[in-house]
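In the two complexes below, subunit A is the common chain; its partner is subunit B in one and subunit C in the other.
What follows is the complex of A and B.
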């Protein structure tokens, strides 16, 4: 029901854009991608929180407004939930973590915590993929593309569908 | 056409079983083929469906993340499957997302358009992610794989049927051979019985089934037949003996009959041949032959009879002969005479312009008259010929008589002429004597003319023939003739354009024409037209032109008038001398006789056709002369006094009176004369050469040696001495060749002094 709802929302969004001849915003596209990423990945069993997929995002992220619209949508038998968190919040409650721009030290710390908690990390900051985020979205030729760090996914306990892998840019972490 | 259907029972069963197996195998094979086809198709479709789903699933992420390149790369992996023609991805909104098309194949962009199911299979599969449709994949595949697999199946089915059939044939062959062995045994036994008549053979009992029972039954039957056969043989031998005896008797009888039949056939042949021969002969007879019954009615007649009477056989048979062949009433044609006398009766009858010799011959059977043979021979031609010959003979006899009379008469006239001339000369001062002598001279001239005409008729006149054109002659004398006959009669010339040359005495010819024209004039007292026509052509076969003109080129000269005509009786006598129909004193009766004599002397022929009140036509036939010879010129008739004082003439004349008159006349003209009555004496005188002679004058007709013979003898020793021959007529001993040879030397009696002197002058000057 949730999925139908999400699909309806997405369809409505896209329809509205087409109706008013407005192209989807970068955030909207990225939000849609995040939703689709969830459909081609399998998280660790413990990462599903009460049969929900909880998307966590730091409270200052510009994407939050759009991601919030995914709340209640279905992916397989799971329902999407959304929570804004603080830097020092516990990641236990998160299934997916949207990482915003920050310094490397902070990033490393957050990623360490995410690996430990088996949280699926997603970012839209250039170079973050190579820094250890599982899926990083980037712009290329005015199109939103994404790259997958298979090491990070292994660390996070995220199984990515070959179908997704086949269309993504595969990268590895650069240890500095 | 080859009949494939077997003759033998075992073969028939083999054939039936194999045919049944073949049909069942084929039916099974066909079923297997179609089931296999279905299975293969479904399996291939199923495989393709799985592959489509895998491809579709692999493309799901690409659709969701709008990665067309990756989707296309995935679709192109289908290249490995050869039968896939195309694969098209659609997003969930039905928009085409990516596609793959086999090189050289067709492109089917949308799944809603279906292809021909016979040649292509189109599979449409949904692409789902988490049970949510994210798009569709449409895969089009060809049937090559199905066809290849079905060919393998078909080959397998056919091979299976073939091998099965071979096995079935072997099995059926072995079984039928075993089953039919007893049957063949019985058949072989039957063959021996039927072909070799051997009833002692028995069929072998090879099985205990139905065939074994048949063999036993057959053997029982053979035993019975064998017994009966023995009995029958006995009867047959007896019967054959009987038949042999009868046959011999019949053959003897047959031989006799054949002989008799052959004889009958031979006789029939002879009779048939005789009948045909008789019929052919009967019809070939050129005379009309009628077979009559005792009453004179026609029983049968030949072909000529039908032709002569102009009636058909059916019109003749049954009618009385008198009405059929004589145009007379019954019994009025001589038949009653034969009935009475019973001997042959011959008659000559004139019937429809023809003359027939008719014979009646009685047919007697045992003294009884049973019929007649009536024969009619057409003798018209013979009759006419006989008539003609009779007429010619009569004219010849009269001619000879007239000629003889004229000859003697000429001698007398010669004497009278010469003496009269002498007297006229001597008594020239006595006027009265002169008048009387001139009267005598006129009478002598008339008599001379008569004599000449008689000679002309008897064809013994001396002619002076030449070749001349009759047409030319007629044209030149036309005016003179017109004047001669008066104004109420017209002469029309109808002359053929080509020249009509004849060899004749021209002056005599002119006399003839004049005579004829005068005759025609006399036949037309009230005036009319005389037509003279000429025609040159070849004498036709059977044309009545006389024997001299048969098959020759002839000139036909016709002189016709439309006067009173002549009866047949007059026509018969018209050419006889002294026959005239004119009043006494008006005609001599010698005109046409002279014409007749002239024409005959020219080897021609004359005919007359006349009908009372209609007119008369005289037809004169002359032989045509080949070349126009040089025309003779008439010699000058000038009488010039000849002085004979220097000439010595030897005169040979057997008639003393004539000789004396000639001597008198010649001596009066101062000729010196030596005379003799015999040619032999004259020859002696000449040969003795005591005297010189300047001229010989000799009569032709003399006893011992005639004038011609004398002339020839003289020429043997003297080729130059001039010679004059005197004749009363041209006789038989003066043939045509001599005539032409001596014509210039001849002077015809009677002649007068001036004529003789002219001849002497002519001969002496030329020196013949």
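What follows is the complex of A and C.
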């Protein structure tokens, strides 16, 4: 009888999982946001690589596992590609660069290269918007919000739609 | 029967979730508008980014324990949380919970050497300096966002009390209405209702009320039986109950918050020589506070913080003796203010602050039904402090952190405390910290003045402030974002530590300064914690006294805890295991090594609005003992056997 009861309870618990909608993880929401950013920005012509939007991200970024699921998705006439890169790789092949947490010196170096190559930079690290990343995502009250650095977007040749600007926090670089 | 099980299996296996594809989950999100996306509440379990920087460069060995862990490990009280954190040794004498930290434990010290803060507000009272960590802690555990445990002397920032470390509790910002009900062993139940209003850019508000009641355990103290206290059993005296309240409101830079608890706890151990099996023996602790804070960041990285606070504390002790009933009644009241200015530049960071405290009431009275007032102290005192903090980035990967504080006390010597820290990051992966500092604690009112007219305790002739000097080396290594390891070696020199002992001449309990002594210790922790909530943490703590003084801290402690979320974080089984090596009682007897295992099963998001959890504590029903403080007739106190708690939470 005990076993029967245990089996019933177990079955109920397992079955009941199917009744609920799944809560997205932080990284899933961030990835969906990145996909939406691409829908609402215009990059410079040269930044589209053979009709592809190439998202580059440094290896070891915890977001990569989610972001690579965007591979093959369409944004208007473009197809999303994903590449993991090393610190010293050339950014020429990248349309978008996801920036991970690093020290200020190496961040500055990477941003300079990204501005030069007109690469659209995105990050999810506190304070990185003010340090010069175009769109930075952050958590507020357990929700993922984002800020746009308009100076950085001008430098990177990224035109941002008013729809994005209207819901983002608009910030400027802090010169140090 | 077999057919029935086959049918069940069919249901289970047909469950679409068991073969869930991540793309399915992602696909669902893709269909949402960007406006919807930024309003989805996400599982931010273990998102290190919030505090990562802080821990990385903090001039101390820091542990952050977040809400996910509190829920996953089924923590019921702050003491439960500290029990999982490295370097903490938790004991319970069925009146209060106590903690030793990093190699030092004085039974019965009311945790006065640890500074306990709620959102930066000091919770230690102004009579006993007590850090309340059990059911007497005024914040419901469900309202905690995270706990930052900062080890080592920190008086140079916070003044007295921060002798061994600081526990800062950061409260949640809710945007839902919540309730929680729980029921567990010893006829324990608890109810909480929390209301909140959290609109964007407007006044945010949160208010919460909790009621807790436990009939208490059936206790058996074999030492008391041996000493002729009946059969050593007490089935009526361990009751515990409290109502508590907490509220917080924020409007722009202005925050108002406060709380109150009135906790009544039976004293079932016959402490202070009271009649053992009489349920009238009890402690009542009422603690309340209120704070108004203005915290503004100006352009040019200038910051200003101003706060005003009010604190109240009342203690009512009822002690039943064969021929008398004594009532201790203590009243504490305090107002204070603090101003702090800061400048943050990329190269350096500087802050300066000033704090005043007017303890307008620090009264102690003891009333005997036989003899009237046997002790009646009306006391007040004033203290103030000024502090400076300076952080300088010598190189992009080398940081200097200096802080110093000067305190004035009306009745004790002035004190100067400082801390020096050098933090060097070899590369992105490893951090090396060298920290040296001192901290002090002036004697509290209880230690200095308490006497009950020759019944159990008398006042000392003179007491000096305690002082600790500590040097510490910390090394942290981050294998990846998910995995890290850290070690710390510390050396402490402790002067004038205050302890309670019995005067052999009259047999009365009295406080005195102990001879100075030295201590070395070593800590190691290795942790894996993934974004998805999987975690495994192991830590080890070793400490060794270089001089011969009484100390009840176990020399070795091993703590392991792990959680493994299943079904997209829906079901989270978790365990924690503690091993505590042999330790000494205050009468220098040995207490056997002990271990205990806790299990918790958390089932989240039932119908999107409910969480259910079942915790089993001390699952293997280990009988383990902790050292008793001097007011007890036994040398060691047996801790709770196996207990359970079932909890249902709802949020709307």
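Criterion: the second predicted complex is superposed on the first by the 154 of 176 C-alpha atoms of A that agree within 3 Å, B and C clash if a C-alpha of one lies under 4 Å from a C-alpha of the other, contacts with A are read in each partner's own complex, and residues count from 1 in each chain.
Heads up, the rule we're going with is that a residue touches a chain if its C-beta (ideal position, glycine included) is under 8 Å from a C-beta of that chain, and two chains touch if they have at least 3 such contacts.
From a predicted model like this one, the values you see are computed outputs, not experimental measurements.
In the superposition on chain A, A:90 makes contact with neither subunit B nor subunit C.
In the superposed model, A:27 lies in contact with subunit C only, and not with subunit B. In the superposition on chain A, A:40 contacts both subunit B and subunit C. Judged by the touch definition given at the top, the superposed model places A:161 against subunit B, while subunit C stays out of reach.
When both complexes are overlaid on chain A, the residue A:116 reaches neither subunit B nor subunit C. By the touch criterion stated above, A:75 is placed in contact with subunit B alone, subunit C being left untouched. Of the two partner chains placed around the shared chain by superposition, subunit C is the only one that A:60 touches, whereas subunit B remains out of contact. Between subunit B and subunit C, the partner in contact with more residues of subunit A is C.
When the two structures are aligned on the shared chain, A:105 is found in touch with subunit C, with no touch to subunit B.
On subunit A, the surface touched by subunit B in one complex and the surface touched by subunit C in the other have residues 7, 33, 36, 40, 146, 163-164, 167 in common.
Taken in their complex, subunit A has these residues touching subunit B: 3, 7, 33, 36, 39-40, 74-76, 146, 161, 163-164, 166-167.
Within the complex, the subunit B residues that touch subunit A are 57-58, 60-62, 64-65, 67, 70, 74, 129-130, 132. Listed in rising order, the residues of subunit C touching subunit A in the complex are 1, 4-5, 8-9, 11-12, 15-18, 20, 22-23, 25-26, 28-30, 32, 34-35, 37-44, 47, 49-50, 52-53, 173, 175, 198, 345-346, 396-397, 425, 428, 480-482, 531-532, 567-571, 603, 605-608. Subunit A meets subunit C in the complex at residues 4, 7-8, 10-11, 13-29, 31-33, 35-36, 40, 60, 62, 66, 69, 73, 101-105, 124-126, 139, 141-146, 163-164, 167, 176.
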